[in-house]
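One structure is given here, and the rest of the page talks about it.
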Amino acid sequence: MSHVKDPKLAAQGRLKIEYAESHMPALLKIRADFKKKKPFRGLRIAMALHVTKETAVLVETLQQGGAKVAISSCNPLSTQDDVAAALAKSGTDVFAYKGENKTDYYKFLNKVLDTNPHITIDDGCDLITLIHTKRKNLLKNLIGGCEETTTGINRLHAMERDGALKYPIIAVNDNKTKHLTDNYYGTGQSSWDGILRATNILIAGKTIVVAGYGDCGKGVALRGKGMGAHVIVTEINPFRALQATLDGFRVMKMSEAVRIGDIFITVTGGKHVIAKEHFGKMKSGAILANAGHFDIEIDTVALTKMAKKKRSMRPFLDEYTLAGGGANGKKLYLVADGRLCNLGAAEGHPSEVMALSFAGQALACKYLVDKLNSNEKLPAGVHTLPESIDDYIASLQLNAMGISIDKLTTEQEKYNSGWMEGT
Amino acid sequence: MSHVKDPKLAAQGRLKIEYAESHMPALLKIRADFKKKKPFRGLRIAMALHVTKETAVLVETLQQGGAKVAISSCNPLSTQDDVAAALAKSGTDVFAYKGENKTDYYKFLNKVLDTNPHITIDDGCDLITLIHTKRKNLLKNLIGGCEETTTGINRLHAMERDGALKYPIIAVNDNKTKHLTDNYYGTGQSSWDGILRATNILIAGKTIVVAGYGDCGKGVALRGKGMGAHVIVTEINPFRALQATLDGFRVMKMSEAVRIGDIFITVTGGKHVIAKEHFGKMKSGAILANAGHFDIEIDTVALTKMAKKKRSMRPFLDEYTLAGGGANGKKLYLVADGRLCNLGAAEGHPSEVMALSFAGQALACKYLVDKLNSNEKLPAGVHTLPESIDDYIASLQLNAMGISIDKLTTEQEKYNSGWMEGT
Amino acid sequence: MSHVKDPKLAAQGRLKIEYAESHMPALLKIRADFKKKKPFRGLRIAMALHVTKETAVLVETLQQGGAKVAISSCNPLSTQDDVAAALAKSGTDVFAYKGENKTDYYKFLNKVLDTNPHITIDDGCDLITLIHTKRKNLLKNLIGGCEETTTGINRLHAMERDGALKYPIIAVNDNKTKHLTDNYYGTGQSSWDGILRATNILIAGKTIVVAGYGDCGKGVALRGKGMGAHVIVTEINPFRALQATLDGFRVMKMSEAVRIGDIFITVTGGKHVIAKEHFGKMKSGAILANAGHFDIEIDTVALTKMAKKKRSMRPFLDEYTLAGGGANGKKLYLVADGRLCNLGAAEGHPSEVMALSFAGQALACKYLVDKLNSNEKLPAGVHTLPESIDDYIASLQLNAMGISIDKLTTEQEKYNSGWMEGT
Amino acid sequence: MSHVKDPKLAAQGRLKIEYAESHMPALLKIRADFKKKKPFRGLRIAMALHVTKETAVLVETLQQGGAKVAISSCNPLSTQDDVAAALAKSGTDVFAYKGENKTDYYKFLNKVLDTNPHITIDDGCDLITLIHTKRKNLLKNLIGGCEETTTGINRLHAMERDGALKYPIIAVNDNKTKHLTDNYYGTGQSSWDGILRATNILIAGKTIVVAGYGDCGKGVALRGKGMGAHVIVTEINPFRALQATLDGFRVMKMSEAVRIGDIFITVTGGKHVIAKEHFGKMKSGAILANAGHFDIEIDTVALTKMAKKKRSMRPFLDEYTLAGGGANGKKLYLVADGRLCNLGAAEGHPSEVMALSFAGQALACKYLVDKLNSNEKLPAGVHTLPESIDDYIASLQLNAMGISIDKLTTEQEKYNSGWMEGT
C-alpha cells in the first residue's frame, strides 16, 4: 500500500533511522511511555511531513502508541528515499519520493487522507486545506490536528478569522521547545553548515549581512560571529534593529550593506529582500544564501535575467556573471538555487533539534486524545499546548543529557506567589 | 515646598543631570515634542521613583510638556541628594533624601499625593497602594497611572484579580524597549560593574554561578562569559535550564554548584536561593552577590549567624569567617550587604538604558491623556502600550545613534499579509 | 611526461582551480609581479605537495615567473585527480593520483627529482630526505628549498644538529602569516566543518574535549565555543593549561574528561592521546575526531580490538560497539578513521588560508634566487624569511580585502626608537 | 628609617595586604618555600616598584626568604599610602608617598640605594640607571637585578648595545606568565573597569576604536566585544591588522575611525596616536581613554588648546568643549587626564595577575642567587628565566586553582622527540 522510489534502499534507510534515534532520546522516552499505555489504540493518523530520518522516528513512536500511520511528504524535494523505503518495509503506508511532480504530490496527500484519519499532522497546512476544500466528509471523524510551522499557523489564523476552520488544531510551532530552539539553535548552525559545504570559504574576516533579526536571524548572526565574521544586520522592525545594535552588530539599510558584504543570508520569510536593484552594487565574488523560507527572498528571477553567463562551480553553488553597465563582469555566487541553504546544501536541522520539535508533535496527539477521553474535546480553532507539556519536553531532554535542576521549596513557592509586602 | 538633604548640592546635581541628558537623546527628542505641544498643560503628576539623575531628566521632560510634578523616592536608599537639590532648586516639589527612615518615607509619599494628582508614576506600586487604601478620595481625579517594574505589575495583577484596582495603569515594564533591554543589557553590565568595584578581582578563569536564567540572568551570564569566566547556571524552570545548556553553559543544582563556584550571583526575584545549607559547602574565598531584587535572595541572616567574625574588607565588601564543623575558618565575601550589587556597589543602570525605559514612561503619560482627549478613556485595569509606541521608542533611539533601517515595499507588505498559496 | 588518473577530468579540475584563484588574490598579485619580472627564468622547481586546487594556483604562479615545475604528491591520499589532470593538460609535469601505493609514491618523488631541480618545495621533507640519501648528485645544482610544515621543520632541525643538511631550506611554516593563520583560523574552522559533515549533530549544548591548546587547539576550542559548546581542554604544558583556564575553558586530565565529553578532538601532534584505557570510560555515543597530525593521536588499533562490532553509519563515520566489562554495548563513533577530520571528512583549509601560506612559498623561492643574484647565497641550514616579507604578505591580503592601515609619522618613529627618558 | 605619608594608616593598609594575599596563592606558595630555605639570608634587596598591596605581598615574600628590603616608588602617583604605612610598621624601609615631587622621587631612589643592595628590582629601569650614572660604586656588590616592564627592558637593550650595562638583569617581563597574562587578561579587564567607573555608560551598542592590536590591544578589543560593543581596530603593522580582521573586527585608518567611534582607547606605547587633526572630526560626546603607556598617546596638550571650555563632569572624567570651525561646540570626554585609565580611574591589575608577575620577580631573585651559589654567576647583560621556571609559576597557579593536567608517558615522550619516519 506504499509508493516509494526503491524498496531496496530499506536497509540503508533503517541505519539512518537508527542513527537519528541515538540523538533523539527525549522522543524515545515518550515512545517507551506510549508503548506501555497505547494511547492511540484504534486511531489512524495522517501525516504530511518532510520524510526524513527524524520524521521516521516520530512515525514509529506514534505506532508504538497503537496508531496506524500513513504519511506523504509536505515538499516535493525533501524526501529521503532510503528512509521512505525503510518505513514502507516495516509496515507504514508511505507515499513519497524525492522529486515528486505536482500531480503525484496531491495524489499522495489524498492517498493519506483515504485512510479516514482521526488526527492529521501537517507542516504547512496542506492536509488541513485539502480537508476543508475537497474532503469535507472527513471532518466528522477528526479528533484534531497538529501543525508544525509558522507559515502553516499563519494560514490557520486566517482560516479562523474567516470562520472557516472546522476542527481543533494544535500549533506545535508555538511551543518554546520548538520555535525558540529550532529557529535559533537549529537554523543558526545548519545554515552555516550549508554555506560551508557549498562554498568552502573561510568565514573569519568576512563581512556577512544577515537580513532579518528574528529568532532565525539572531541564530545565524550569533554563529557567524562565533566563526569570526564581522556581522551586519538589516531589519524593517525598529526594536529588532535596536536589539541587533545592542548585541554588537552593525545595522544599516540593505542598499548600503550590498556595497560591503561578502556573504548575504536572508532570514526574513519575506519576498525580494535582495532584489534587482541590489545585485549590480555588490562586490564581485559576493555569495548569496537564503535561510528564511521560500526561494523568493532573493530575487533569483531578476538575477538570472541580469546574468550574461551562469556556471555551476561546485555542488549547490552557481556563478552568475553580470552583464551591462557598471556591473559588467561582476560575479555573484548563489547557494542552492536560492532555496533553503541548510536543506539544500546540507542536511537540515540536526536530530537533537527535531527531537524537541517532534516530542511536541507526539504529545500534541496525546493531548487531543486525552481531552477527548476526559470529555473536554477541544473546540474548532487554533490551540496551544499547556506550558506544563512544553516544560515536560524540556525536562525529558535535560534528563537525557544527565542534567538535574533545582526545585522550589514550599517556603520559596509561597514567597513567589504572595505580593503583599511593599517597601 | 521641598524636603531635600542639602540645597547647596544643587550645582553638582545639575552637572549630573546634564551628563545624563547627553546619553538620553531619545528622551530629549520626546521632550522637544512635549515642549511644542504641551500635552500636560494643567495636569499634576505624582511620582515615586528612584531620585537619580536619569529620573530628573524624566521629571523635566514632563514639565516641559506642561505638567506640574511632585516626586518622592520609591526606596529609602536610592536618592542622589545632589540631584534632589538640583530638582528642588529649579522648582520641582521634591521629598527625598538618601537614608530615609520609614516614617519619612511614607510621609513623603503622602506629601506627593497631597498635590491631588491626575497621573501617578510608580516603581513598585507604593503610590497606587496608598491611594487604594488610605487616599481613596484621590481616585475621582485620576486619569491613570504608570508602573515601572515586574514586582509592581505582579501586585497590580493581584489587585485586578481581586477586583480592587480602581483606575487604569500602564504596565511600562511590559514594553520590549523596557524589559528586553533594561533587564538584559542593563543588568548584564551594571551587576558586573558593581562586583568589580567591590572586589577588584580578575574575572577571567573564575567559575561563576548564575542563579536564574531569565532576562536578567541571561545578561549576567553572557557578560560573565564575555569577561572570560567559566559560567554555571542554576534554574528551577526546565526550559530555561535547557536554553542555558544550549547557550554553552553548564547547568546543575545549587547544592552541587556551591562546591565549585568562585563567584555566586543570584538573579531570581526569589528567596533564599543561596541558603543556610549552602554556605558551609562553599570554597573559602567565595564571593556572593545579588543582582535580582530584594536582599533575601542570599540568606544573609543565616550567614551572619554562622559567622564567628565579620570584617569590612573594602567598600561594599564584607568578609564572613565561618565557625564550626568542617567549615571552620572558611571565609566568604558578601557584596553590598546582599542588596542589589549594581545599585549598591556601582551606579545602577547606565543612562542609555534608562532613556528607553523613561521614554516609555513619558509616552505612557501622553497615551493616558490622548485616550482621555479622544473620549476613549481607559477602563480601570492593567494596560500595555500599543506596539507602535514601543517601536517608536526604538526608532527614536536608532535615530539618535544615526542608524537607518529598511522599509517594506508595497509589494512586500502585500506578500507578507497574504497566505493563500500552499506548496 | 605526466602520470595522472584520468586526463578527461581536466575541464572539471580547471573550474576548481579558477574557483580557488578567486579566493587567493594575494597570491595572484604575486603572480602578476612574477609575470612581469620572470625571476625564475631558466630554473626548475621540484615539488612534493598535496595536489589540490590551491597548490595548482601556486604551481602556475611559479610558472608565470618563468619556472619549469614538476610536482608529485606528499601524501598518498590527498591528490585531487581532476586538478592533477588540469595541471597536466596545461603543461606541468604531474606525477600523482589519489590512492597511490608506496611504490608509486616513491617512484613519483624520483620522477620529480629527475628534472634536476634548482629549488625544492616540500611538505614533510620527503624530497629533501631523498636527495640527502639516494640522490646526492643533485645537491650541486640546488639553490635551496622550502618546507611547509612543523613536522618537516622538526626533521630539518634534527638533520642540522647532525651536520647532515647540505643546502639552505626556508622554513615557510615559521612565517606568522603561515602558522598563526593556518593553524588557528584554518584548523579552527575546517575541523568543525569535517565533524559536522561526518556527524550532522547539534554542537550547541554539547561538551567537547579539546586535547592540546597550541595554535590549532586554541582555534578548535574557540570555534567550538562560538557554536555553543561547553569546552574542556586537556594539556601537558602548564602555561597553555593556564591560558585555557583564563580563556574561560575548563581544564582537567583526560582521564577525567573521558567521563563527561560528548565530542573529543585531538590536536596535539602526539601519540595515543586518547588511548586504550580511555575508551571504556566514555559515554555511549561519544564522537572521536583527530585534528592534529598523524592517525595515531587516537589509538584506533586498540579501539578496533576492543570492539565486538563495527559499522559504517555515514560517510566518514564508523560506529564501534565495545565488548566486555562495564563497557559492554557502549557505542563510540570515529570520524574519518582517526585521520585528519578536516581533510578526511571535509575539504581541508579554505583557499584564503592557503593563499597566505603559498604566498610565503612563492616569495621564499624568490628570496632564494634574489640572495643568489646578489651574491649572498644562503649557507646550508634552516632559514626563516625576513619579517618584512611576512609583513608584505599580510599587506597584500589587506589590500585584496580593501583595508588600509596607518603609518607612523616621522615624529612617532623617532619617539618609538628613543628610550632616553625615565620617569 | 622610613618616609611615609601617615603611619596611622597602617591598620587599613594591613587589611588591604591581607585581601591581596587571599588572591595571590601562587606567590604565597613561593613564600612558604622561601621561609623554609631562606635563600636570601644576609642579602639586601633594593626595589623601585609601585607601592601597592600586591607589591607588599612580594616584599614580605622576599623578607620571609631572609632578605632585608628597602623600597621606593617607581611612579610619583602610584603609592597607596596605607600600604606604605603598613609595610613601614612591620619593619620594611619604605620611602614613598602618593604625589611625590621630583626631588623627593630621586631622593627616595637614592635612599633605597644607600642600603648597598645585592639585588635591585625595577619597574622602568630607574634604579639601574642611577647606579650606572651616579652610584657606580654600588656595582661591585651587586649580584644582579630584575626588571618588570617592556619600557625598562627596551632601555636595557639600548644600554647593552652600547656596552654600558655592567651587571646581569633578568627581564621578568619576558616570562610568558607575565607578558601573555598581564597584558592580555589584565589590561583587557582593568581598562574597561576604569572606563566604566569614569563614565558609567552602556558599552553594548557602542562603536569602540582600539588603537593598537598587540597583546594589550587584543585584550581590550576582546573584552569590548564581550560587553556588546562593535569594535574597530587601527594598526600600523600589517600582520596585526590582518589578525584583527580575521578575529572579526573592522580595521581602518584612524583618520576614518575618528568619524564613527563612540569610545577611543589607545594601547600602542606610542605618541600622539590620537592627534590634533583628529579631535575636530569626532562625534560630539566621544570618550577618549589611554590604556597604553605614557600620557602622550592622546595629544592632550593639543586638545586643551583647542577647547574653549573644560569642566570636570565626574571623578576622572573631563569634558572639553571645542571651539572654532566646524567643531564649534563639540564635546569630547577625556578619562583620567589621558593617563592609564586602569590605574587612574580604577585600581590597576587585579591581584591574580600581579601574583603571576611577582612570582616571576621572586623566582628571578632566587635564580640570581642560585646561579651565584653554583658558581655560574650570570654575566652582565639582559637575561631571561629558563622556561622551566615560567612553567613552574603556571603550575603553582594551576595548583592553587585546584586544576590537574596530564603528563606525557615515556612512550609519548619518545615519540615526540623522534623524527625518523617519513610518509
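A, B, C and D are the chain letters, set down in written order, and residue numbers restart from 1 in every chain.
In this section, a residue touches a chain if its C-beta (ideal position, glycine included) is under 8 Å from a C-beta of that chain, and two chains touch if they have at least 3 such contacts.
Note that this is a predicted model, so its numbers are computed, not measured.
Counted by C-beta pairs in contact, the busier of A-B and B-C is A-B.
Note: the chain lying farthest from subunit A is D, by mean C-alpha position. Put simply, the C-alpha centre of subunit A and that of subunit B have 37 angstrom between them. Per-chain CA centroids place subunit B at a distance of 53 Å from subunit C.
Taken residue by residue, subunit C touches two or more other chains at 185, 204-205, 225, 228, 245-246, 401, whereas all remaining positions touch fewer. Against subunit D, the residues of subunit A that register as touching in their complex are 204-205, 225, 228-231, 245-250. Every residue of subunit B that touches subunit A in the complex is listed here, in rising order: 74-76, 105, 124-126, 129, 151, 154-155, 158, 176-177, 180-181, 185, 234-239, 241-243, 245-246, 251-254, 269-273, 390-392, 394-395, 397-398, 401, 403-409, 411-412, 415-416, 419, 422-423. Of all the residues in subunit A, the ones that touch subunit C in their complex are 15-16, 19, 22-23, 185-186, 188-189, 193, 196-197, 200-205, 223, 225-228, 285, 311, 313-314, 331, 346-347, 349-353, 401.
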